[in-house]
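Worksheet: the structure to be examined is printed underneath.
A, B, C and D are the chain letters, set down in written order, and residue numbers restart from 1 in every chain.
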Amino acid sequence: MAKIKTKRERVKFASDNVTGACPEVLDAILQANDGDRTPYGNDQISTDLQNKFSEIFEKDVIVFPTASGTAANALALSTMTPSFGNIYCHKLSHINTDECGAPEFYTGGGKLVTLNGINGKITAEELDQTIMGKGIVHHTQPSSVSITQVCETGEVYQLDEIKKIADVSHKHNLNIHMDGARFANALVSLNVTPAEMTWKSGIDVLSFGATKNGCLAAEAIIFFNKDLVGNIAFLMKRAGHLLSKMSFVSAQLNAYISNDVWLKNAKHANEMGKKISEGLKQHSEINLTYPTEANEVFAKFPKQVIEYLNSKGYQMNEEELNGKSVRLVAAWNTSQSDVDELLETIKKSN
Amino acid sequence: MAKIKTKRERVKFASDNVTGACPEVLDAILQANDGDRTPYGNDQISTDLQNKFSEIFEKDVIVFPTASGTAANALALSTMTPSFGNIYCHKLSHINTDECGAPEFYTGGGKLVTLNGINGKITAEELDQTIMGKGIVHHTQPSSVSITQVCETGEVYQLDEIKKIADVSHKHNLNIHMDGARFANALVSLNVTPAEMTWKSGIDVLSFGATKNGCLAAEAIIFFNKDLVGNIAFLMKRAGHLLSKMSFVSAQLNAYISNDVWLKNAKHANEMGKKISEGLKQHSEINLTYPTEANEVFAKFPKQVIEYLNSKGYQMNEEELNGKSVRLVAAWNTSQSDVDELLETIKKSN
Amino acid sequence: MAKIKTKRERVKFASDNVTGACPEVLDAILQANDGDRTPYGNDQISTDLQNKFSEIFEKDVIVFPTASGTAANALALSTMTPSFGNIYCHKLSHINTDECGAPEFYTGGGKLVTLNGINGKITAEELDQTIMGKGIVHHTQPSSVSITQVCETGEVYQLDEIKKIADVSHKHNLNIHMDGARFANALVSLNVTPAEMTWKSGIDVLSFGATKNGCLAAEAIIFFNKDLVGNIAFLMKRAGHLLSKMSFVSAQLNAYISNDVWLKNAKHANEMGKKISEGLKQHSEINLTYPTEANEVFAKFPKQVIEYLNSKGYQMNEEELNGKSVRLVAAWNTSQSDVDELLETIKKSN
Amino acid sequence: MAKIKTKRERVKFASDNVTGACPEVLDAILQANDGDRTPYGNDQISTDLQNKFSEIFEKDVIVFPTASGTAANALALSTMTPSFGNIYCHKLSHINTDECGAPEFYTGGGKLVTLNGINGKITAEELDQTIMGKGIVHHTQPSSVSITQVCETGEVYQLDEIKKIADVSHKHNLNIHMDGARFANALVSLNVTPAEMTWKSGIDVLSFGATKNGCLAAEAIIFFNKDLVGNIAFLMKRAGHLLSKMSFVSAQLNAYISNDVWLKNAKHANEMGKKISEGLKQHSEINLTYPTEANEVFAKFPKQVIEYLNSKGYQMNEEELNGKSVRLVAAWNTSQSDVDELLETIKKSN
């Protein structure tokens, strides 16, 4: 058979999406592959998944599995935002800066109204002041709010922050979406339940991320507010996101949320993140840009440190949007020795 | 770990997308999963894939792997069709009847102009007569042509038919796309080379299907005409079809086109299709609707035969669009005994 | 002041949109121009217009004036058709052949499903058979029906024909739109009331045409079913069709529907159409393509007649879509002597 | 005939779009109405207009007349911005705040990236720093820049400011659009030529406004860079902005730019604006928000002054976006006595 070059690529810490699937998820794919299955998500695994998610969220939820996080976000937002609608979000939010206009594409031309926030988090106050123009035909119309949990600076929204933002959203009759690309990392950071971090705090729709934390390509759009489901099935099909062999996406998610796999993975990644953060603090010339609250570490490095790391095979880039910080991300498979090696290399760079 | 119910679903013959991945492809996923990889298709496996496809097509091609066939078609068409453009296609074509308007979505409102064709194939003559209105501001503008190989009635375009249609397309300055969801099945049916069935016959862009014939979720948009590539990378990202862990899609394709896996799978499926077709011919009350040229068989069954089959767990439906024919599809994993069992059951239904 | 070249252009009979405004409408523009007015349709003339239309249609209607018939059609359809929706219409319909894809643009990618009809009119039976796929995620969804009155072959739908088509539409939960670009011409042809030809026969939304029959640029979207109004005000603004000085569009419509101006103009145009039709029948080598039921005449002319007419300054074209017929259109300002001159010239061409 | 209520509406100073057409323009409409004309802008008046605009701009320009300023802006931007493109503009710009998302609609989902600027004008420096991400597939792509002249705070860009902004735009390979809704007012304010204020300063495409300054509904999209024209004719038709009786729009523009009508009107409006501004300065409790450089005056009024004015029939509103300033706009038909009456009323309010 085809011998794939499995040459190791030195991309550790560049992101948590450089990883493969964790063993439990991989095993689920193998199992799902055994035998024929009804296509387009009408299989038994996909049906079971709905129930499992409902258990985990302590509420009957409606779930649409998908292979892509960008699609999950954009599809979710398209159910709550007309073509002439405003989506309020942080200026650094992934939907604004890293999805090449997916929300605009899926909503048919919606407008992302960006907030400055404090570090990576928007505030209820700024949101409240920014929402205006409702009912006036000249203005694009306030429609939805999106927050990212873990947010783009590695910080985690506290429950009361989410509640306040959701309250302002609902006061203005807007729906609120959570981009949970790193949902599990936030969850273990806050040590709360999935229900508490979402619908109990007012979230209407969630993009539940799993790819970064142990799956190959598996996300889920989760509706807590069933009235919002609308025509998403048609929009999803129309966008090419209703995979024929959907059962293998569902199988990944199923394994991921079973037996605390997702929480175990996230807890580990957060711990490794913390170790990196602690390690960097030992270097007076390296400054953490934001507090490390989950598995992402942002810091400003001296130029020669970056160059030295890259000369050793790392891929460190100053990110323009984050004030020239370097982002280091720990993943479910980051080992203590990976972290030690990184910190050791940094030491040598001086 | 999570025990997935692997209860077997009796969907054999309903489609070739009810299958899992073939062993070679599954093994490639396992190999690709070992170690970290650069995301978004910038990994080594994806790079190698470009070369492998270029070898197979005897031409430097530009390849965009994707997890979805609908996305592959719509993205390909969006590179050759402006929002005010016409796409000429068969009235039964998958892009017209089974993608919930994906080409319209991705082109920003393009129009599918449907041809009646002969059975499932369009003809160069009808195409030539239908293209009109170029340059007149009131009319949507002739822009592209799309044919499906194997087409929607299970028939296969002959090389000279493709050439004539491509000639008419190019005479009118239109580009031509091939929806190759069952590309391999057509190829082994015609017993020609990939180059002969595509660019040597005038095809500009191909949706190369692999999911139905042994992959889990792997297709590829292949550009023979590099000028058409345009902004597809941005459109793909924007649609959520640039998966972060793209290497696992590339790995599937890599294994699929290596060591004749794809041809072996397709040859087997076609043979099984032929056996079904031969078997049905033995029944005077069953009439084949179209000639069986690849792995799909279309036939009109007496009502009670359908009911009997379904009572035995099969899932047979009369399809409105095909004049109330039932479609039976053989796949890479259809066994001789599966076919025997089917034919046996039909016999008993009388 | 600027002296505009008022050189007469010999375009009589080419269409009814070659005309200027009738005196009553022009006078209304002059009156509306006197003094300042609240912009964007919030002026008194626009408010009065709502009431006047409600009187004429014997029902409280909601009216959106616009300067463009194409916009009126597309905006109306966008209120009843989602981006993944089907609009059923005649293959010759203006929305399908002469608006460069406006319905697709405004609906965000809707699909026009074309019917063959009998001559220019669709039938309830064909419509009923064509509507399928509701609720199936793979198919674009049946959403709306559009008929043109006077239709594109110059024929007029009878009341019972409209009713049957509307019944089929509503049976399938579709809404029905009437493109009334030549609404007045149909009305006087049938000699019925505006209410009878629309909501009493089941029409939900009407594009009320006035430009061709005596206005400069004035149409109206008229909702009989208020639930359909939805977000049209935002869509209209967003498309640039909420003119700031909307009062001058309303003023045109106001004058047009007052004192039977519209009916008088249409009656005259229809009479002139009939005279052309009668005159052509005298020529054995000229064949009427369709019955003349309003102000449009379609006929097949010998080549040399067309050439002779054009040599005399007329602009006669064989239209591909109408089987190479020539269309002659009488307008509100077509005089008996214009018709005589035309028929005289035809006589001389032999 | 229909007697339209010509009750005067007290909307003076609310905007310059509350006015009717000036006598020269109205006369041109009457003249154009005499006789039949080729539709869709293929008439003689429209042809002449191209030449007249070329003379005025000292360059062969390509002109598309339209009835709507919002459409002019959005169509112009759609020629230079792909669906995944960024349009850089001031946060207060009309395209961002007052067109209900028209640029997003016409571009198919483009993103408006807003700049803070200084007062109402963007700066070359901020623009230069904001443009980033070119070629990176995750980011929407820098595509075009739009400035408004007169800008939304009533200030006028100086020639060197335009040049610097155009230079930065072109340095990044972006095209630059000018929203010239009050083009004439800026022109007489700067006392420069149309060429100097546009292409000689680097502008690629202009929305030439005429409605506010003496027309009924007439704007023009003017291309200095012919390569950008692209498919605008199809996009315009598709949007319903190719009016059949286009000659009456062209006739308005023709009269407007002939015999210095436009300059005369603008000069008068600016003078009246200045008088208002001077008058307000006499009141210590009223503060001008921005310098008065054309025909718009922005000022903060004590609440009771606003209430008193409104009690006298004026329509004064604090605008949220302009820091609760009231906007007063002088028009081509604002008389000295209108201004005196306004200032007198303000005096009495104390």
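Just so we're on the same page, a residue touches a chain if its C-beta (ideal position, glycine included) is under 8 Å from a C-beta of that chain, and two chains touch if they have at least 3 such contacts.
What you see is a predicted model; the values in this text were computed from it and never measured.
Trainee: Starting at chain A, how many touch steps does it take at minimum to reach chain C?
Mentor: The fewest touching-chain steps linking chain A to chain C number 1.
Trainee: Which chains sit in contact with both members of the pair chain B and chain D?
Mentor: Under the touch definition, chain B and chain D have A, C as mutual neighbours.
Trainee: Comparing C-D against A-D, which pair counts more contacting C-beta pairs?
Mentor: Counting C-beta pairs in contact for A-D and C-D gives the edge to C-D.
Trainee: Over half shared numbers or under half: where do the identical copies chain B and chain C land at their interface, same or different?
Mentor: same
Trainee: Rounded to the nearest whole Å, what is the centre-to-centre distance of chain C and chain D, using the mean of the C-alpha atoms as each centre?
Mentor: Chain centres of chain C and chain D, defined by C-alpha means, are spaced 33 Å apart.
Trainee: What's the distance between the Cα centroids of chain A and chain D, rounded to whole Å?
Mentor: 42
Trainee: Got the chain C residues that touch at least 2 other chains?
Mentor: Counting only residues that touch two or more other chains, chain C contributes 83-84, 99-101, 105, 108, 137-138, 141, 234, 237-238, 242.
Trainee: Are the chains arranged, by touching, as a line, ring, star, complete graph, or other?
Mentor: Topology of the interface graph: complete, with all chain pairs in contact.
Trainee: In the complex, go through chain D and note every residue touching chain C.
Mentor: Touch residues, chain D against chain C: 1-2, 4-12, 14-15, 17-21, 23-24, 26-39, 43-45, 48, 66-72, 74, 99-102, 105, 211-212, 216-217, 234, 237-245, 248-249, 251, 254-255, 258-259, 261, 333.
Trainee: Quick check on the complex: what are the chain D residues that touch chain A?
Mentor: Chain D residues touching chain A: 83-84, 97-101, 104-105, 107-112, 132, 137-140, 320.
Trainee: Which chain D residues qualify as touching chain B in the complex?
Mentor: That would be residues 40, 82-84, 108, 137-138, 141, 231, 233-235, 237-238, 242 of chain D.
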